[in-house]
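Just so it is clear, A, B, C and D label the chains in written order, and each chain counts residues from 1 on its own.
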Amino acid sequence: MPRLKVNGVAIDDTFAEAFGMRATAIVITAPNRKWARQAAVTMTGFATSVIGCGCEAAIDVDLAPSETPDGRPGCRVMIFAVSTDELQKQLQNRVGQCVLTSPGSACFAGLEGPNELKLGAALRYFGDGWQISKKLGGRHFWRVPVMDGEFVCEATVGMTKGAVGGGNLLLLAGSNAKALAAAEAAVAAINEVRGAIMPFPGGIVRSGSKVGGKYKGMTASTNDAFAPTLRGVTKSELEPDVNAVLEIVIDGETSDAVASAMRAGIKAVTQLGSAKGALRISAGNYGGKLGKFHYHLKDLLP
Amino acid sequence: MLTRIKSGEIVDPVNGRLGKGDLWIRDGEIVETPRSGRADRTFDASGCVVMAGAIDIHSHIGGGNVNTARLLLPEEHKAHQARPAATPLSNAGWSTFETGCLYAKMGFTTVVEPAMSPNAALHTHLELADIPIIDKATLAILGNDDFLLSMIRDNASPRMIEDYVAWTVASTRALGVKVINAGAAAAFKENVRTFSLDDVVPSYGVSSRKIVKTLQAAVDRLGIPHPLHVHCNNLGAPGSADTAAATIAAAEGVPLHLAHLQFYGYGTEGKRKFSSAAARLAELVNASPEVTIDIGQVMFGQTVTISSDVMRQFSARGTAHPKKFVIHDGDGNGGGIVPYRYRPDYYGTVQWAAGLELFLLITDPWRVFFTTDHPNGAPFTVYPKLFEFLMNRDARNEVASTLSKSALAHSTLASIDREYTMEEIAIMTRAAPAKLLGLADRGHLGAGAVADVSVYRKGKDIAKMLGRAALVFKNGDLVVKDGEITHYRWGRALRLNPPPDRAIVKRLRDYHEHRYGLSLDRFTFPDSAIQRDEPFREVPCRA
Amino acid sequence: MKALTFTLRAAPPERLDLSPLTPQGLAGLDKRAIQAIRLGQSKLASTVGDIFRIAGSNANSLVFEGGSSRFDGVATGMTEGTVRVAGDVGAQAGRGMRGGQLTIEGDAGPHAGSGMRGGRLEIIGSAGDHLGAPLAGELAGMNGGVLIVRGRAGAFAADRMRRGLIAVLKGCGDHAGSRMIAGTLVVTGGAGEMPGYLMRRGSILLDRAPKSLSPSFVECGAPDSVFAALMDRHLVTEDILKRPLLGRAPRRYGGDNAALGLGEILFPA
Amino acid sequence: MTVAWIGNRETLLERAVRHAAALLHASRCPVFTFDTDIHGTRAAIALAERVGASYDHADGAGLARETALLTDKGGMFVAPGEVRRRADLIAIVGELPEAHREFVAELAETVPDLIAINARQFFLVGGGGRGLTLGNGRKATRLSCGKAGLGGTIAALRAQCAGRQVSTPVSNFSRFQAALATARFPVFLFFGQSADGLALEMLQGLLADINRKSRASALHLPASEGGWGSTLASTWMTGFPLRTSFARGFPEFDPWRFDVARQLAAGEADFHLWISDGVKKPSANSGDTKVVVLAKTSQPVAGAEVTFAIGKAGVDHDAVVYSARTGTLNSVTADAASELPSAASILRSIAEHIPAGAELPC
């Protein structure tokens, strides 16, 4: 495989293969940033992969008070799922259990669009008849009485059918510490990209997987080709000097957002350089047969 | 003045005149063809049907409850805004003035207001006196009044009850007697919420059946031509066909008139437990020659229900559209005003179909009367369309095809081919009402009849033909030409005048002074109180 | 194209019904047809030509140069375009509006914005009684749109309101927000007796404590309110108010407990 | 006996009628104010129709409030006879007007005979003072919310009856609640002059709440009996209550626009026909409004173009009037019959002299 090198970091001539998904975004606000983020972190917990969690979700960006509808600190959270029904269910459960419950929170639509999901329209029933509907300048809010006042929640939120899930970067390094340094650099850079989230812990996944496995019922199992300890027993993708691989998985509101995120990640990793970070950047795919979206690393170079 | 209506197609079932010919009027009366053959004026009626003026036996055109409905709904009146067509009741014939004009334009010349509260008789007659052109009549409501219920409870003699009924009819200038959900209004005052034929009015121990039978007997024995006019219990309720059937059975060979039978034509079949039971009722009517009925046809659109059945109106208040209503606990019946919009949904379809089934399945046009119970089923201004439904099955089937299929599945309407002939229409709307009300001077075109004549230009469009008469004569005056009013006049109220019995008057005087602290004179009035020339015309009782 | 302009010749000799003169009503009419429209409400039956000089031709933008308290029904039922009155109007301005923008630079009579469903009606001067409210017999008050009165409003402002926003900036008379079904009424400058009487739902937002309140309203604390923040921001961005009204934690009264009790009166703590 | 004047000069009735008709016919925006019986009202409305006038009652404001209850809300009402015979709880809503004291005294002196409970309890909702002494030495228990006024008190009463909270409870509420719980037919008496429209609507809301489970109703004792009679006549003749106009050739109802006092004050009317057989006198009219007066007077009314002396309905001539005591129209025989013409007869004569237009009988 011919390789490009930037700042000592080799870049595979391969591509990340990604899939179409449904996604929505909400804006969570609170009296201060701490509690806005707390609500967001709680509702996006256990949302790493649609395979086991029903959805993939994370904070997209933090919002300044001037950027939120109620003038309080907030953050934009994105949720991705494979079907509209599943997305609706996950949204309703997560906002209901994690945002409605969080002190001082409010919840607004973070996405507009012709397709809508119920937000406050589903949660209002918590108000047990005391809920109040308000329409202001074309937006519709529900006000649900709670113990610290009211939970204000926009009635509906837009949903996009053009979202993409599964953009990724594989960062191969000589040591665990260097792999983590590279991955953290990538996560920090991608965090700045609007419309793209990284649903795994801290944006990083170490248990990259392949499809299927030897045990019945396993839909995914360890990505043995990238596991350094298996270099001796499997058909490995790893050079001898690679001792750790970490993956960044990216879901985007649009295909462009995924591409921008990957570009930002590659830039950060290459800027860090091979001495401190990754020796090599690769990407995961299924031979291009399963996913509609292909992101070739060579097109995303800094 | 001698008037000749020339070469019209005369439809006069009473006198067996059917076919082309001339009709002669001298002043206010129909006459034989005069020897001279010279008319002072001649109207060419070729291409026209010539009939007697039509008679509506049951239409709420005036009186306290009707006026309250007007007061309650100014926004539904066409003149509320400068654009008449924009308001739902724009054709309702809302004021007394419009009422007379709109009836006359359709060739109706006599209309009966069927629900006059005896205590509001003066009010009712003042309103009727302000309805131009046509003649009017009223039925006095009895059967929820304390005086009658107390007499029945105390086993008063039939004679005393007859005297009371006679006094009421005479003093209120009524043409007959109506009973409305007998006993229910009295029971409702004691917080009873449903009431059937064999239920008993608290404090009196008198059943609804007993009240109806008592009044039926009194009316019959007094020789009041119009049989007791009964508004049954359970109006509008699912399963009310049982009540109507029981009431028909209760006629027991003595004449009885059941009002707006359509509103009782409901069974409990189907998923919604509401279905047309009209076919069953029609059969019962066909088999009971002493029973006459009118329909109370429902047509779709906005209207207002006006009824002295206060219990039923109270229970219907939740369906008010727009959401406002009046419930009045009166001295006897009181009443309720509940605006309502008939929608072509499941329930509306059942009601619409049930009315048409009754019209079409009751075989004797002498015993079924053409009403919408104005404005309860629909304003009387829908009559032309309703005539079309009766006379043209394609017209009604076309409408039926747009309505609720599941509702029609429980109805026989689709299987009925009958179309009314013009002669049957003439019987149902002219000859039979005159007979039912005891009005020998109208409903036909024989010599000596009042010259109430309506002339319709024949055409394929039945609604247009019968909606805008080519000519209408009232007492010989030409009042409508080409569907427009040409002349205003004041009609009269037709009344009975059975002589008063002194004993009952004294009793009533004591009763009013003792129980109400008022002189009986407060509840009576002289003819002069109407301030019109000859406001009344007396109709004789049967000998 | 220049705005279709109606210049008042002289003070009208009778009340006028201007309801025919809307952008949609005049679209496609030539000048002669417009001049022949009857406006007079008495036996005089004045026409447009008797009352106004007409200039311009863009019917989507109507201007009345000069107004009068006898101008009834201005822009009745308008659905689009703009209507501006440089002067006062009489009763029922913007009655049943569905869209577009109506600006009245002077005062308006009773029933301004009666039964509005959409659009924006701005009265620079004061408005009479029954702002946005139904006419006699009707049950439907304002059902959408934005109605701003820069001056005062009379009694029964927002009566039977169901949806939309009414803002009165220099105070209003008694019974503001009576029989409200929902929607939002903003009053700065003080409201009269018993605001919110018989309200079922809806919000009445004031800049100060109401001077009298029906005992069927009950004090409901002053927790932090996101709704207040949303509302304040909306009022400022929509150019209705210059500065926030309610603040972080307004005081709240709930009522009318005689009716459904789901309405509220909010004012700054 | 002189019954007509043109200006200050006596004239023949016929001539005065012609002159009044000519003035009316020439007027651009005629308005009528009346205070007369049913026949006077019928004749006035028929004349208004002929000349395109708007009309109102001399007590227009109080009547408009009562009318608004009917047009905007409706409600539950009861006949006065039933109140006397059935009501075991009477609540007087607001200040009891002088005109209706007699009936209330009668209720205090009698007992219901149609239900088993042979006593009445009386309550006074709102109203001033410490209570109300009725006939028979009985007192009405006062239900009040202090300064909240009548509207506030009815609101609190309704909220408390429904088990909802209030900020100020109604005085003596528990006594009322206990009475209501056992009463078979409670009746609330209301009057247009004591309560505004919203308070009356609130009262009807209270009645609607009570009637879910038990019975209760309200008795309307109108601000003006004559005015209510005129309201009924106007309603049947035109479809609308008072404050209706024929200016555009069809009846239009607008309680603001056709408030005749407002029309006069705003200078919209150029002709004012004042008809009153009672004590009310026409208010001062603005500059160029021409005035024709029908009044029980023995001299010309200052400023009137034409004055007609009329008799009082029910005194000088037979009449039909609305009676709050019967709740309907009653015929009244003249108790001091005189030669004075009735308002109706003068108005009909004027109508006959209006130059021919469409022949309309209304």
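Going forward, a residue touches a chain if its C-beta (ideal position, glycine included) is under 8 Å from a C-beta of that chain, and two chains touch if they have at least 3 such contacts.
In this text the structure is predicted, and so the values were computed from the model without any measurement.
Of the two chain pairs examined here, A-C and C-D, the one linked by more C-beta pairs in contact is C-D. Comparing the centres of all chains, each the average of its CA atoms, the largest separation from subunit B belongs to A.
Chain-level centrality, scored on Cα centres against the all-protein Cα centre, points to C.
One inter-chain figure worth recording: subunit B and subunit C are separated by 47 Å, centre to centre, where each centre is the mean of the chain's CA atoms. Remark: subunit B and subunit D have CA centroids separated by 32 Å (rounded to whole angstrom). Among all residues of subunit B, those that touch two or more other chains are 72-75, 80, 82, 324. In subunit D, the residues that touch at least two other chains are 71-72, 248, 253. Shown are all chain pairs that touch, namely A-C, B-C, B-D, C-D.
Residues 13-15, 41-44, 69-70, 72, 91, 110-111, 129, 134-139, 175, 178-179, 194, 197-198, 212-219, 256-259, 261 of subunit C are the ones touching subunit D in the complex. Across the complex, subunit B is touched by residues 38-39, 42, 67, 70-79, 81-82, 84-86, 106, 110, 113-116, 184-185, 211, 214-215, 217, 231-233, 235-241, 248, 250-253, 318, 320, 323, 325-331, 344, 359-362 of subunit D.
Across the complex, subunit C is touched by residues 72-76, 80, 82, 322-324 of subunit B. Contact residues on subunit C toward subunit A in their complex (touch as defined above): 163-165, 182, 184, 201, 203, 223-227, 229-231, 233-234, 237-238, 262, 264. Within the complex formed with subunit C, the subunit D residues making contact are 27-29, 52, 68, 71-72, 145, 148, 151-156, 158-159, 162, 164-170, 198, 201-202, 205-206, 247-248, 253-257, 266, 268.
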